[in-house]
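What follows is a single structure, written as structure tokens, with notes after it.
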Amino acid sequence: MITLGCDIGSLFSKVAVMDGDDIVASGTAATTGNIESEIKDLIDGVLKDAGIDRGNIECTVATGNGADLVKDAGFVEDEVTCVAAAAYFYIDKVDMAIHIGGQSITAMSMDEDGEVTNLMHNDKCASGSGRFLEAMSRKLNIEITDIDPLAAQSDKDVLISNQCAVFAESEVITHVNNGEKLPDIFAGICASVANMVVAQGRRFSSAEDYTLTGGVTRIGSVVDVINSKLSGNYHAFPHDPGLAAAIGAALLGATE
Amino acid sequence: MLFAGIDVGSLTAEAVVLNSGGIISYESMNVLPNPVDSAHEVMGRLLKKQGLGWDDLHYTVSTGYGREKVQEEGMAQQNISEISCHGFGAYTENLEVRTIVDIGGQDAKVIKLNGNGELADFVMNDKCAAGTGHFLEIMCKALGVTLDEIGPMSLSSRKPVRMSNRCSIYVETEVIHYLQRGESKVDLAAGINKAMAERVVALVRRVKVEERVMMTGGVAKNIAVRKELERMLGTRMLDSKIDPQIIGAYGAALLAQREGAR
Amino acid sequence: MEINQQGLFDRVAKIMELIERMQYKLSDEELEGLMNFLPPDSRHSLSAFFESRFRDTSIIFLKAISNWILRARIAPEQGKKAIIVPFNFPVEFIHGFSKAYPITSEVLSTLGVVALEGQGERYWDMAMGLGLPDHICSSNTIELGSMLGSVDFKPQAIVSAAPGGCDVNAKIHEFVSHYLDIPQYILQKPPDDSERGMEAYIKYTNTLISELEEFIGEELSEDRLRSVLGKANRCTELYYELWDLHKARPSPVPNIFSLYIYAIRFSIWGTDEAITALEAMVDLCKKRLEAKAYPAKEERARTLWVYTSYYFDFPNLFNWMEESGYSHLGDGLDLFFPQPVDLSSMDTMVEGLATAAWNMPMTRQVGGESMSRQWTEDVVHSARELNADCAIYCGHHSCKQTWSVVSILRKELMDRLGVPLLILQGDSWIRKMTPISVIQHEIEEFVNNVVSSKKKTKRKLRKRRQNNNQQQGE
Amino acid sequence: MKMEDVLEQAAVMQNEYLKKYKSDGGRVIGYACIATPVEIVEAAGMLPYRLRALGNNRTEIADAHLSRFNCSFCRSVLQLGLDGTYDFLDGLIETNGCDHIRGMFENWQYVNPSEFFHYVRVPHVMTEDSLEYFTNDLRLWSEALQKHFDVAISEDDLWSAIRQQDRIRAKLKKVTEMRERDEPAFTGTEVMAAFLLGTAMMSTDFEKVLDRLIEQRENHKITDIKARLLLGGSATDEVEFLEMIESQGGHISADNLCYGSRAFWGREAGESGDPYAVLAGMYLENLPCPRMFVEFPYRRDLMISSVERAKTDGVILVHNKFCDVHGVDNVQLRLALEKRGIPVLSLEKEYGATADLGRMKTRVQAFLERIAG
């Protein structure tokens, strides 16, 4: 059975196609204006690359903020449901997933069937989301993909302590003006994001095995800080963590 | 004798050179990652344009976020806060001005002057929901228009979209959400400018506005924000004859002239 | 500078005049005709009251409240002292004086948000214009901002019962008292659960009585107090009737009634109007219970709100929930568990007043020796009694006392009852902090994932995972 | 001890003296706010240690318990309470300073309970009845302390501790006077460091430090001051914050901070009486903290008299984001000061954020440019 999961976020649209239990195609596109045609183009492109005929898709499941914009979706699932499903499916004994989205961090605990038993979003007034990382890299003219290698060169603790993203940005500018080096600043930015995630994870103190999802977790410097501070065993999500919700949606398409 | 002001902010850097007769030349650019480089570049461009060298500058004052580093690197003899510089620049520009609303890239401030152009009071954004140039910049990016376009385009809106978030971070998502759902860019631009003006007014309320009011900083060029502000404050703003974006650097140069003469 | 200078109280009173003239029974057409007079914000908010399934009862309730406001307006001309009280002060205390009249700042703010075009935000802006921090409580600041910044009804004194229960509240009262130069009287709560705490509290209550007697120029009359507290006792009975009705599945109590209950508690408790309104509410719920009437197909989740709710969009919170099958079993402000007052002597009645004040919401919970203990006990007790599936904390960023310990409440609720707690964030009175659409989304997401999943059949991912893992292993 | 040593020792959690005191078997009792009569701890032969956050602004452990709407000072303290930094304390005294600090204690005890923990319940309004309540509460605390640590506190012990603290208070006052001189003998930063060190020493030994400092600086003169300032507001133990202000030419000639002069100003014990009643009166009647809810005129007059006495050109009122009591009080104070023509700068900042200093610096610099003419 071929299913398609479609995660429409505020910054990116993500698509994953599954044939049974195998991921056969996937793709990501920035969402800007004309979303409906963007989604269509993204899906068409992904299917074309994988050589799958659109007619073979048996079920399309949409998730994310803009899920209602996916016109031919069979049904819509909550993002947490999808993330939990994906995490559960690929990781043997996971009982918590923390999803770092564009604007919020969501921790969710799961039972032995992969059903969400509790969830919690991060506090507002938080500089710890993907959006913050993106804004900072834009500000400092660094590609998101370059953050990790850059932060890895850091040899000094530069603290970003403002919890308001607006003021945190001023703080970053102050650091720049004080002559702090970019690697140190980015390491500081990564740590501030990571600390938000840690606080969130610690709210599920009984969790023993956790995974991290969302595009931000591609950045090793963020993940390293999280793992050094969060108790419990970390299990890396075995596919692109940015696609977790889309994969989960595709998985659920075949289950329902 | 030549005096100079260098204003390195969070988004743009400006340089102004003047003599006793007034402004000789000015220059403006987007900042580089390093404030010292920005200062060097913006003043370098100006000097090159005028066929001058750094040594021709008798006294220079730096201001803005990078003011200290610029001084440390020897490009200025003194650094003065952007609040004083904006105040003095605006006052010299028009002696009637008593209140200045300055919207910079990262900070918004309201400056009050006494009859002698001295700083009488000021407030800066410490609270949520500040309206800054950065806010507009991000919104423009979301809309896919330039900072120059967002003002004029919104004037034709009949039905500005109401932004329902106070926090500027969340407004961005809101704008994307509306875009995804097919709201017109014109109405969104109008909504954004209105939200911006509301934020500025909230700051202005914290000082008792004294006539007359001048708006400086890059956002002053946004006709829609300006009009909305005039409406909300019930006052017509003074026009600055020089580019409102360079008032800070102009003030710095004027203060350099004063300090350098001491 | 152009700012509309008309104050919140005066504007609310105008809307209340309309309500006072309203007929008790209104057809849809008549209602539509009336609503057309109102500006869009007011029309939208007020429409929540007029859902046909509880319209008649709402009108009785609204008339009781409008009567209260309109009497407050004429109180000074009748030689009565208009006294601002906070929500956590038993109003029957002031109703006990013939020459004084209580006005509750939080109720006024809420009415302003509900009834006015622009939702009273301009008054918040006035307070911010003075430089007050944006993390203080909007429930007070909207009304008090109006007093500080506009031409408005001015009270003659302010009573504060918040010291010990809420810093923000107590602080803003102090500010207003100095800014308007009116006397401030205080009933402070010792954070002490022992007998010593109650003893001190009774002393403080007696001191407050003498201070008020002197200010009002009237001795608290035993007969009048007995009459007021007698009516308060009747309100208490009706409160527990509604409490019991809440227990039924599906809940026969309209969601918005949880708000009516404490609106009555905070303004007219101990008056005939209060009794009439509560009786009408009980009647309606009994009828709904008999008919097993519920606005949605099924009751999907029974939610207990642990502190406040959101008040800037009634239709899209209370009524939306109800129509989605989410019962609102009341919130923390309903948890004041009134006790019948012994009317036999002045002493027993004063003790009754002190006990009532001690048990006012917030004072009783976070004003206790521990900020979390009594709060947790009350929520656990209520969740158990009312068969709640989940609890929801509306985290107004101003409520530092509850934000301080909500993590403890969350853990205790889960450990002791297995009831999950959803933590929301947003200003209860200002729509711009968190839009209602976000709040709705989070409630749905929580119910779908955490509450309903317990009921629905499990997905079959487990088996698939095992198969998948086996294949991988092979 | 020289001034440099004071500055250095005030900047660490456990100063050298405290380490030695602990290793010699001394007991240390933590407390949080200036409503706590430290005399009772000293009378029991233990060291009263005022909790600080030392500019720490890592809060990821605390943030799982307190929320981001709680002030960052309290979150920082909780972090230190939960990460083990404060494990050297032998006991902990809670006071209901504000809702944030109550929450801080409650979460600390919920997660990592102290062996000895006692709640001293401080009334929010000063009346005859509340004074009596507070007196009894102090007695209960003393009894609990005696019982748990198996020590005895006699009336004489208490009186001698009161007398000792009276001497400290007098000397702290002397230090502030030296800071207020036209040509000050101390910077505001130095005085703050000395105050802070005093919150982590036995008073008998701290007295010697003060004696030395006063002696060393008796003829010291600081010149080149652009403007004289009063610094007031919420819990500020970040010496670097004062340093930032003074590095720009502002001299902090007076303060109204609880880690500063609020902790001793106006507090003088009477001659005799029930020592608990004396302590209760002394601490509750002189509690210029905005957590008292009807005493604004007292706080206002205290500040105005400080401004006049120390001849300050302006006042900086600071509060940590989400601090309610100071957030509101600072507005009342600003309005009152401005009415008298005294310039005021209001700052809302994040606790301990060293990089927030950049944002603050612009404001302070502009304020100094304004008032220094």
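A, B, C and D are the chain letters, set down in written order, and residue numbers restart from 1 in every chain.
Just so we're on the same page, contacts are C-beta pairs under 8 Å (C-beta built on N, C-alpha and C of every residue); 3 or more make two chains touch, one makes a residue touch a chain.
What you see is a predicted model, and the numbers here were worked out from it, not measured in a lab.
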Chains touching both chain C and chain D: A, B
Which of A-B and B-C has more C-beta pairs touching across its chains: A-B
Chain whose average C-alpha position is farthest from chain B's own: C
Gap in Å, rounded to a whole number, between the CA centres of chain B and chain A: 36
Between chain B and chain C, centroid-to-centroid distance (C-alpha), Å: 45
Centre-of-Cα separation between chain D and chain B, whole angstrom: 40
Shared-contact residues (touching 2 or more other chains) in chain C: 130-131, 133, 397, 407, 434
Sites on chain B at which at least two other chains make contact: 65, 107, 127-128, 167
Residues of chain A whose C-beta touches two or more other chains: 123-125, 170, 173-174, 177-178, 203
Interface residues, chain B side, partner chain C - complex: 123, 127-129, 164-167, 174, 202, 205-206, 209, 232-235
Footprint of chain B on chain C - complex, ascending: 1-2, 125-126, 128-131, 133-134, 430-435, 437
Partner chain A, residues of chain C touching it in the complex: 397, 407, 410, 414, 420, 423, 425-426, 434, 442, 444-446, 448-450, 453, 458-462, 464-465, 467-469, 471
In the complex, chain D residues that touch chain A: 57-64, 67-69, 72, 350, 352-359
Partner chain D, residues of chain B touching it in the complex: 65, 80-84, 107, 118-122, 124, 126-127
